[in-house]
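You will see chain A twice below: alongside chain B first, and alongside chain C after that.
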Partner chain A sequence: MMLDPRITGRIQYAQDQHMPGMLHARILRSPYAHARIVSINTAAVPRDVVCLTRDDVTDLEPLYGPMVKDQPVVARERVLHVGDSVVAVAAPTLREAEAALEAVEVEYEEMTGVFDPVEAAGDSSPVLHESLDYPPDLRPDGRNVCHRFRLQSGLGEDGFAGADVVMEEAFSIAGAAHVPMEPHATLAYWEGGRLHVITGTQTPFNVRRDLAALFRLPEERVRVVVAPMGGSFGAKTFMRLEAVTAALARKSGRPVRAVLTRAEEFVTLNRHPARFRIRLGAKRDGTFVAKSVDAWWDTGAYADCGPSVCTKGGYAAIGPYRIPNVTVDSRCVYTNHPPAGAFRGYAATQGVWASERMTDLMANRLQMDPLELRLQNLLRDGDRFATGEILQDVRFADCLRAAAEMVEWGSDRKNKGLAVMLKGMQTPSRTGVALDIDAGGRVVVRSATTDMGQRPEPTQRALASQALGLPMEDIVVGPNDTDLVPFDTRTTSSRSTFMMSNAIREAAAELRRRIADRLEVASEDLVLDGEGAGVRGTPGRRVALSDLAGLRAEGSFATPGGLDPDTGQGVASSHWHQSAAAAEVTVDSETGVTTIKRLHTSVYAGQVVDRPGAELQNEGSTIFGIGTALLEAIEFADGQVTNGNLSDYEIPSILDVPDFTYDFVEGGQHAHGLGEMAVPVVPAAIGNAVAAAGYRMLDLPMTAERIVDARPAR
Partner chain B sequence: MKIQVRVNKLPIELVSRTDETLLAALRRAGFQSVRLTCGIGVCGVCTVLIDGSPISSCLVLAPAAAGREITTTEGLADDDPVAVAFQEVSAFQCGYCTPGFVLTARALLAETPNPSDLEIRHAMAGNLCRCGSYLKITKAVRLAATRSRLDSN
Partner chain C sequence: MIEEPEWHSPSTLDEAIALKSRLGEAGVVVAGGTFTGILVANGLIKPKAFIHLAKVQGLDGIDVGEELRLGALTTHRRVELSPSIRQSSWSCVADCFGLVASPRIRNQATVGGVLCDADYASDPPTLLVALGARVRLRGRAGEREMQVADFIRDHYQTALGADELLLEVVIPQPPVHVKYVKFLSRSSEDRPCVGVAVAADIDEGGLCRSLRVVVGAVSGRPQEFPEACGVALGERMTIDIANEIGRRYSDLTPTLSDVRGSAAYRRRLIAVLVRRSLEPLAA
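Showing the complex of A and B:
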């Protein structure tokens, strides 16, 4: 058996990329959360070390960012978070680069920082960004609020008048670290005025666009090659190391590689800490009448994709329920924390925690079975969600019932909890793909889907195989290089399998037409199989695929939509991610330690394309959810991360993971994304189970200390 | 300084400073399966076998490995039962931690040919997989154990 290069370790991640003459980069980072830079003195840096300061980027666009241009390549007048990049160096060895950082002198004048999103929006807070150019679809709103998403349906707040019972509660979710085992890594070089970047990214076309804008180049003069990633989970989205590495390469005239240290990972991009206040009104019989969601998202010093996080988390907190009157007010706020951005479970994790804990609190109040209360209110086929869109292909109840059954919900509810969610997919978005027949008679899939371990290669080969009728062995996936692949929005939000399946189907139909044209037969009469191309009913007429080398067909798929930021009306998602979880726990009343006795997730999978990949992604999602539920929180002290290493920041080890179960609800017309489905529901189900055991938890993570503090009075 | 070691059964001279880790020296010598992750010996990604025992190479100074037998996954035979089981079970996602798991599992099975699930979990507790492939990793180690036992019978 040929061993997989991931097993032998021979796979080349971005951090393993190498070029002759390459320099190694290191970054000098701010020790202050908020400070003015008085002076930067690099005189003591050795001559053969390239040193990049604010004075070296004055000819570039001053700021970049995927949604708000607010981030400089290196700090200009001020630093805005501990870990903000101030000076970057590149040297022949890492050791020399590290020594050079010691030789740089920076004088700071410390300023007051702000670390809470509600406080940051108040009148007495420092203003983090003086003047920004916001795009028209964002709603900056007062001090430090870079986006405010609002939704109203039905009578909104007035709808609570029709409720018999109204409950209100506050919830919080801590920031978390992605902890990809491979840190961020980028290699950049310039050749003939063209910028080449080899990088671990989920967003090659965003990176190309943003690099081109930053360096004031047409996009054709930027090439992004995506290396397989040693994990990402949202960490490697949008521009991270690419800008500073490219600027160092430009100044040095040499290839430059940057690889972050583990400590730097904790100040580069994290999950948004969030705070919610939820009001839920119901009739005495359990019918939901009105809900309001008030949410605050701490996006840190730079917005990154925070405005989209606050939108998606805002509507995710409504939950998959029929509620005639809804308001959402969700604010994305700058603070002096490190930036927060995309994180597996994208905003739904936070929203579902608040929403599904609230559902259980209401069930308690009404003295109803939490399963029955949910089933009574769940959205069904043809129902209208609060965004105004009509839902089709609805499986919430199937998922919820399957999960409940696995913990024997019907027998007793002691120490058990449930959760169910809806999560949107990136909408609008578009995907292109090309299928090439190469000289060896293989079909090459040209796709921008990036590889972070979710098995895109077998998935896309299987999709092309099904669509063309060719065996998997005849299909390969080409290199992921913006010079070679059609445009794709990005590999995020569990969208790629769904989007690519549609684009590949279209490309395959076109390729079949072109082959049929070449054979001068009708498309319906074309037969493709392991022997090549033939004609139905004419066994003599056959050509090998290698004789068709050079034929190429493209396919594309787009999902229109988007939400109005002021009313929340429109199309939030072209189709919905749907899942449920059930948990049974024991809680040690002395130590506060929660033990998961049973855990099941049930996920709407549509058509499963690559079963090992589907299973692995859902197992991984579940384990991410366990970490979020019980272990993971970035601890800050005045903006400084105090647990930025893998000893103090604990991710689940094999001993933290129980022998859990899951099932896929299969069917429907499409492949559905499966990359994140368990992440949001697992913490909420565990939280509801812990609550059923007598510990009324409102905040994530449910650490042993917090559980002890919530111990019921005896 | 120059350090004589055997890596994957071949004698090799590592060139290293005295204060450098074995991880850095091995990577410079071309053994790229050994990768830095936490740098403090808790994640197990940089695991190598030193005289058969799994060790975090980020914690070992290169000179301390002089004269020892080091195993990395570059030396895996194509029919290595642990590697084959990992592949058949698909016990990995991004693959970054996989060499460390495979080597730890090999060391476990050399000592304990018939481990219980709990023994597997305890042996693997020093290796972290952020993609969350633990269920399938346990399954792969179990499969490798079963096969090795059948072979030795």
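Showing the complex of A and C:
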């Protein structure tokens, strides 16, 4: 029996990669949230240690970044957050690298920092980035605001005039750490003028593009090999360690490997802390009339994908409702915190918290059943969302009803809460896949879908198996190497199963045509099975797949779209992720401790491809939601993370996970992504349940102390 | 150029004590390493030398007799699972050690370590104080014993002399009613936000003959206020008395703020948890 290499330990994660003569990298990091670098003295560093400072990268493009080029390889004039990279070293052993860091002297002149997004946008705050080249689709707006996403539909604010009841409330959600078991890890080397990077990343083609731009190389001279990741959850998106590791390898002429420590993880990339002010107007009968969303996202010192987060979180906070008049004003703001970026539940977690708590506050005010209020206003097939899109294949009500039923939603709603959401998929995006027949007669799937623990391999093999009509055993997935796989936007936003299923279907049809051509038959007469290729009605004409070695077919799939950043109109998502949750809790009124009695999530899955994989994804996603709901918050003091270890920052232990249930709403024509659909709805459902128990929760996480300090719900 | 710390693995107690005397402050004693490991990994200490006790014979025994004796190197897990402790009147001790962190930590962390680290956010010291446990220490001048209550002085500070090692913990026969409550404000594997230990003797008539209440994890060392318990002595425990003792502890106990809760939240919890710990005595 083939055991999973994760179980036997044979898997080679990014941090296990090694090469002869390899050096180990360590990074000297800023102790200040904002400071000018007066001087850097590396004279005391031993000669056999390679030391990379700002003077070593003057021939490179000065800045990189996936949306805004704002990040240097190592700090230049200033450091912008505690943990900002100042000097990198590479030495034959990790111990020598550690010791070398202590030999570097850096003199700083501390500057005033800013740690609140609203304050950062104000006139008296320090400017973090003096001059940046923003791409045309971003809307920098005044001081430190790197992107402002606005949406208006219907009458916008004027629409509130038609409401009988208008409620307004503020909500917040803390920053969080991804805590993948394996930290960030990258190995880089240069060979024949070509940069090779073996790294744990969800975004190999973004990394290749950004490395090529940084080192001023054509993209063909950069090769990115994706190692399997021991978890990522969004942490390993876009350029992280790759730039500094490649620069160290360039200077040393040797392979260099960098692996972060747990403490460094907390200053590398986190989830955006966000603040919302929501206004919701309704008729007395519960019909939603108008909604405004005012949001502030703390993206930290570098934008990373923050502009996209503020856009997607902005419209997620509208909720899956028919509301004729909507405004969204969502700002992504630089502060002197460590950078924030993609995080499982991408922006929807923040937006859904604010939106779905608001829905319950309105139900409370109108003295309506929160389920009925939602069902009354939910988007249905053919409805127009606030972005102008007409929605098809809508399952919100199915998900919500399924969840409500599992907590026996009825007249007794004490301690029970619901939440429902819509979440966009990365749009526009495109994906390519190739199918090769190898000498052994197997079909090799060439795909850039990365493995961060979600097991894409059985899914892709099953998809190819279905599309070709071949048994699973005849299909393997090839190495994830930008030299070998067609372009794919990235493995994010729960898009891969959906996108790949379409691309594989196309590639499979093409491969069948090519095989049919080889056999000189029409492709509808081609029979593929475990015995190889044959011709319908002509039993004698058969060839083994190994005789077809070298045949290759490509397929691709693209989703067009995008939103206008000024009006919020356009195509936010080619299709919609849809889910709901229901929770029942008890709260110890004297200690504030919440116990989850029942928790159910219902996720629209379309066609399920790999059921065990789908189930595991949704279970992990639910546990993520519990952590966000009750436990997780990165604490800062003047920009310093004060709980940057796993004793002080707590994720749920398995003992904290209650018995929970879930179901997949199935149907439709496509496989739907489901890797993160429970994350946004679980905190909101638990929050609504805690509110139904008598505690008016507006801020995440709902720690025991916050609950006993909360105002009564009614 | 890299200065590696010295690593000493003495095989006898005398050798270990001699090393500790010689190295003084520079020598850090390692038993299970769960505490020292965190300090070193986070760069909070950079010891010149470690004295690793694992090879020292005779420090890891469990002896259930007139008193319960736990050798300094006995792991939490062994105490937790020991059938002889579980079947004795000291089962509360096994329960308490079983509440610490996760099995992986308990397989490593030692009885001596949790006392000598004197980390405020710990469970066993609180119960050990309530049970009147003593520590036996040995240095160049010989052996001495003292109450755990006197041994732990403040955050990370103990009465251990520069040349002394902790040999064992000696726990007298517990009274009839002993209970340790670990209150967690976050994950199940967290350190305590508040720990409350109650040790009470109730006579045949249902009257309270002695009562010790100790609150841990809220300030530098376990906190006990005998005067606050006076209201119960010679009385039958009632909900009102439980409430009153809880209120007094809440007023008297200095509390700190950390990631598990603010000082104010802890004060509030102390009243609740002390009352709840005493309520079963009123039944």
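Please note the rule applied: the second predicted complex is superposed on the first by the 709 of 714 C-alpha atoms of A that agree within 3 Å, B and C clash if a C-alpha of one lies under 4 Å from a C-alpha of the other, contacts with A are read in each partner's own complex, and residues count from 1 in each chain.
Following the convention adopted for this analysis, a residue touches a chain if its C-beta (ideal position, glycine included) is under 8 Å from a C-beta of that chain, and two chains touch if they have at least 3 such contacts.
For clarity, every value in this text was computed on a predicted model and none was experimentally measured.
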| item | value |
| --- | --- |
| Which of chain B and chain C A:I623 touches, first, second, both or neither | first |
| Which superposed partner A:M111 touches (first chain B, second chain C, both, neither) | neither |
| Partner chain(s) touched by A:E705 [first = chain B, second = chain C, both, neither] | second |
| Which partner reaches more residues of chain A (counting touched residues only), chain B or chain C | B |
| Which superposed partner A:G453 touches (first chain B, second chain C, both, neither) | first |
| Which superposed partner A:M368 touches (first chain B, second chain C, both, neither) | neither |
| Partner chain(s) touched by A:D16 [first = chain B, second = chain C, both, neither] | first |
| Which of chain B and chain C A:V593 touches, first, second, both or neither | second |
| Chain B versus chain C as contact partner of A:M167, first or second or both or neither | neither |
| Partner chain(s) touched by A:L655 [first = chain B, second = chain C, both, neither] | both |
| Chain B and chain C contact sites that coincide on chain A, given as residue numbers | 645, 647, 651-653, 655 |
| Complex contacts: residues of chain C adjacent to chain A | 1-2, 38, 42, 102, 183-191, 259, 261-262, 265, 268-269, 272-273 |
| Contact set on chain A toward chain B in their complex | 1-13, 15-16, 178-183, 228-231, 233, 261-262, 452-455, 612-613, 615-617, 619-624, 645-647, 651-655, 657, 659-660 |
| Residues of chain A touching chain C in the complex | 46, 95-96, 99, 263, 590-593, 630-631, 635, 642-643, 645, 647-653, 655-656, 703-705, 708-709 |
| Contacting residues of chain B [partner chain A, same complex] | 32-35, 37-40, 42-43, 45, 72-74, 76, 78-80, 83-84, 86-87, 90, 92-99, 102, 121-122, 124-125, 127-138 |
